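Chains: A, B, C and D, in written order; residue numbering restarts at 1 for each.
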């Protein structure tokens, strides 16, 4: 792998140049407690330290709502509405989110590719950024705290800049023109600093241990009382799934227009926490109660993604942090599996 | 199979549909109609293949898409039939279509029944209500390839006699066959006035003319039926490796992406549209939540 | 819709002209005239709207929630109710909003003016002048007139949406400020759009002038309007002027304008010194028209004979001139705002420590609107009183209808099918807001 | 597609727009949607008093939009009349769907008391009623909630009708739209009582996008999936008083029979 270094000052310049390649998105502080990926207007607004964004990065490749087709009923024809091939650059993606994107790929690209997602993904550049965990993070036990694929560049924080790992050909091409100008060689001190950073980071995770057997306990304790207790609190609002970087359910609807013959076939994010998610004709519902739906998410998120060899949940902590009812996903999982301690 | 107007060569949009013309519609019962379709594009018409138990997504522009099992013989190339119940927004409008209308079709989707595994075996088909739709396709497959299968028994059940799908077709079949190798059992579960058999499918096993040890079973009906049938079949010595059922779930995409049809638990997470809708006995009994 | 029926036998032969449902106004009202062929005995605007007891249902609510409920009195002037209510509530608890907040509120209010006037002039009143039952049928022959109207309605609506969150029931306007301020960019876009709409602004006036065929209902009358602050022409101020030369502080409105319950509607009727009076665009023009500036001033001077203080039909013209004026004023306000805009200015959260009462009056598009709100020390509404423009001008409107029908009767016109529509036109010229008028009244 | 059975897409659907007791905002919204002229071309307005003097009442229509709550006996008579003459009846807006802000709970102050308080006794001839949603009196085919309803939902309904169907139902809360809009959560961050979690989606979290907590103008999520208890519990945990919660819920849901039992369950007897 290729490693280069960039100073903090030059990073701003680099971001400035990235803006010329396409639309640059990076974490911004949007309120007291929340961050979100926003289009970068002034590079000084970019946050290099943040825990998690309120909206997951998947939305840049798989938007909340998009028009798949337009149609005309007189011709009985669907007209494809593929995204434009404008470049989208995501700066500051944490490793959990990068793995989450790869779980998305496994569904949307690996098998019967979804042309909309694929096209955006091909036109996307992902630049990772190191982070320090808070008490909501548990990517370490999900084994995704350090990614080795799925990014074009990955920025590791150093006291005086960033150590950059180059992940793909696209990444090389981003570095090449500025080699020597913005990027310099990595010296042993930098490696030492990265080492220290990683050490500090590892020690900061509040949850430790091995979670590999979790999904078996999930199944062996299907009727754990936790489900009843916690689903009582649940508001069924879908925040957990909508903020999750690896949730992917969508719904499709035809929206006709007022001329009585044309319209749009749109898709938009759905959530398994909504009643209609499992509803079929004749009002039969395969996930009838709030508890059923609550349970469904716990099973789904802990199921296994063979492409990343991890669970679909990457431990980013969003579903807990953004739950208005304050339901603690990590804690509840630990309760089911019988894992001890480490929760604050 | 999809074709698209604006796309480049070789690129395909899995959500695009192919135009199909409605050629005929027949009334099967108060709420069910049988629709005969043909692909408009001759190339698709000749190359389109499906397996019994698979389904298509029928698209009515401005209303949406619905998954519907194909219920015709896999042999009739370019033509296929759908048996559709008027159940809501989309299906009610499909019922109003007149011959000559065009709809969009994509598919076929799902795994379908593993017909090759059924070769040289007797067949027991158990349908309840709309379940007869996919099983008709299995049945016609066996008729079309009669030499590959042993005895066939169909148990077709419905709540009321007039809701028995393909009732007359099946009766006619029996008359033609006269031979003992095809048995048709049609029963109404809640219809005292029905002039025929009464009671649930499980109560008519004496009329089943297959060898349990060498028989493949295909079932389609409500989950509640499966539980009872499983007990009955195992007790009678049917080989569990050859018991298959098809499941219904909400579906939007048909290709394992939209997530609505997800079933199972953390260790075995399935999509009914891709990993199913046909599941075998062991899958059903080992994965909680399938039925 | 209209019909003549014989009244039950009384001593005199009394005949009735009635309009069951006046079209093209906000709300459900009818007209009833009883006459003996020459003189009109009874002329009533009958209001069929149900009561909504706003003052009562907000009692005991926390004042912030109450200010979310008040604007639901009326949709046509939701911003007017919102802002007047908020101001009264702020006065009650002694909260002083920032200058920027006040400017933005005025801008929001202007959005309401433009939208409300455009709607009234183009969709409700112009069909009368051009001889159509509605704007849809008018569209075929006057497409450009209508599209000007729709463009104005849109800008009015968009100003309100951008500042207030939507153009009906703006939740973003709150006590102490706004939840979120419009971005600089959005304000700039509004400014540019407003600049491009000056011609549309004059369209209504031109069309009205070109089709002067209104019924004559001349009569001297009292006009009341609030003196705008800072010597400008706008909707906010502290002193009410009366055309007889008297003035009073808005706080005194309860003493000067009395409301009474009448038999034939859920709307109360307002009087000044026992006399009916007029309020609205025409009154503003009569009392403060000299403060108009630039193009609006020119137009007002040019068409001065159309702005006849004693003819309520002139109200339409006064409104048309206000549209021109407010487009200009909105542009100026945005321009001023932008020069020192603070997009992150925080709302002053109401902090309630003691009981108090606040009064606020503003000029809603249809005329004066008054709010009194009393709050207890826990921030709960203890009392509320709302007087709406329609409630204030209903008595004089009824008088005008009487004059109008008497005039026609004396000309020998007795056919209800002719009189009815003419009466409707008079009602429409006032641009009444029927739902406003009934949802309010005093709690003692 | 045939819009009206038996007329092969040729005839224009007839539409009526009516108001009971309300602020007229919903009609105003309908009258001021961007594409009002296109709607006017696609349908024929048989009755729309606010906009047209060519209105008839009663008029036989395919779709009747009814705004406002039933608040007088006249309202009620009119509503029955409208129902009789309409094929499809749509409740337009909060008042008509849920009773609106003017519906108050009996008990605290009865209707007679309220009436007397505002109008005194005796003088008015007309009789007022406790405001109720129209579904209490007649069958309603479709609901367009909101105070006022959203433009895109009105357009979707009308276009879907032209296609011979209804819009796909929404049975999820504003909260989800709030998240998709990328708003910071007011409830989490500021601990203010936001009704987004129990309010029917469709407004794209309009108010919260302006930093204003939802007051529930679109009414509770249908099919009993508005989890009032869970929300009240959340509010309680955030230190919001029973009184505050009650007032919030009452703005648009005063008549909700579950309100008091729910508060009792979560907060117990204390205030």
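Criterion: a residue touches a chain if its C-beta (ideal position, glycine included) is under 8 Å from a C-beta of that chain, and two chains touch if they have at least 3 such contacts.
Here the structure is a predicted model, which means the values were calculated and not measured.
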Neighbouring chains shared between chain A and chain B, ordered by label: D
B-D or C-D - the one linked by more C-beta pairs in contact: C-D
Identity of the most central chain, Cα criterion: D
Intercentroid distance (Cα basis), chain D paired with chain C, Å: 25
Whole-Å separation of chain centres (CA-atom averages), chain A against chain C: 52
Centroid distance [mean C-alpha coordinates] between chain D and chain B, Å: 43
Inter-centroid spacing, chain D versus chain A (mean Cα positions, whole Å): 37
For chain A, residues contacting two or more additional chains: 73, 253, 256, 263, 276
Residues within chain B bordering two or more other chains: 62-64
Touching two or more other chains - residue numbers and ranges from chain C: none
Touching pairs - complete list by chain label: A-B, A-D, B-D, C-D
Residue ranges of chain D touching chain B (in the complex, touch as defined): 1-2, 160, 163-166, 168
Residue numbers on chain A that touch chain B, as the complex places them: 68-69, 71-73, 76-80, 82, 107-108, 111-115, 214-216, 218-219, 222, 248-254, 256, 263, 265, 270, 272, 276-282, 286, 296, 298-300, 302-304, 311
Residues of chain D defined as touching chain A within the complex: 1, 3, 9, 35, 38-39, 42, 155-156, 158-160, 162-163, 168-169, 171-173, 175-176, 179-180, 182-185, 187-189, 194, 196-198, 221, 223, 225, 227, 229-231, 233-234, 237
Footprint of chain D on chain A - complex, ascending: 30-34, 36, 54-55, 64-65, 73, 232-239, 242-243, 253, 255-260, 263, 269, 271, 274-276, 290, 322, 324-326
Touching residues on chain B, where the partner in the complex is chain D: 62-64, 89, 93, 96
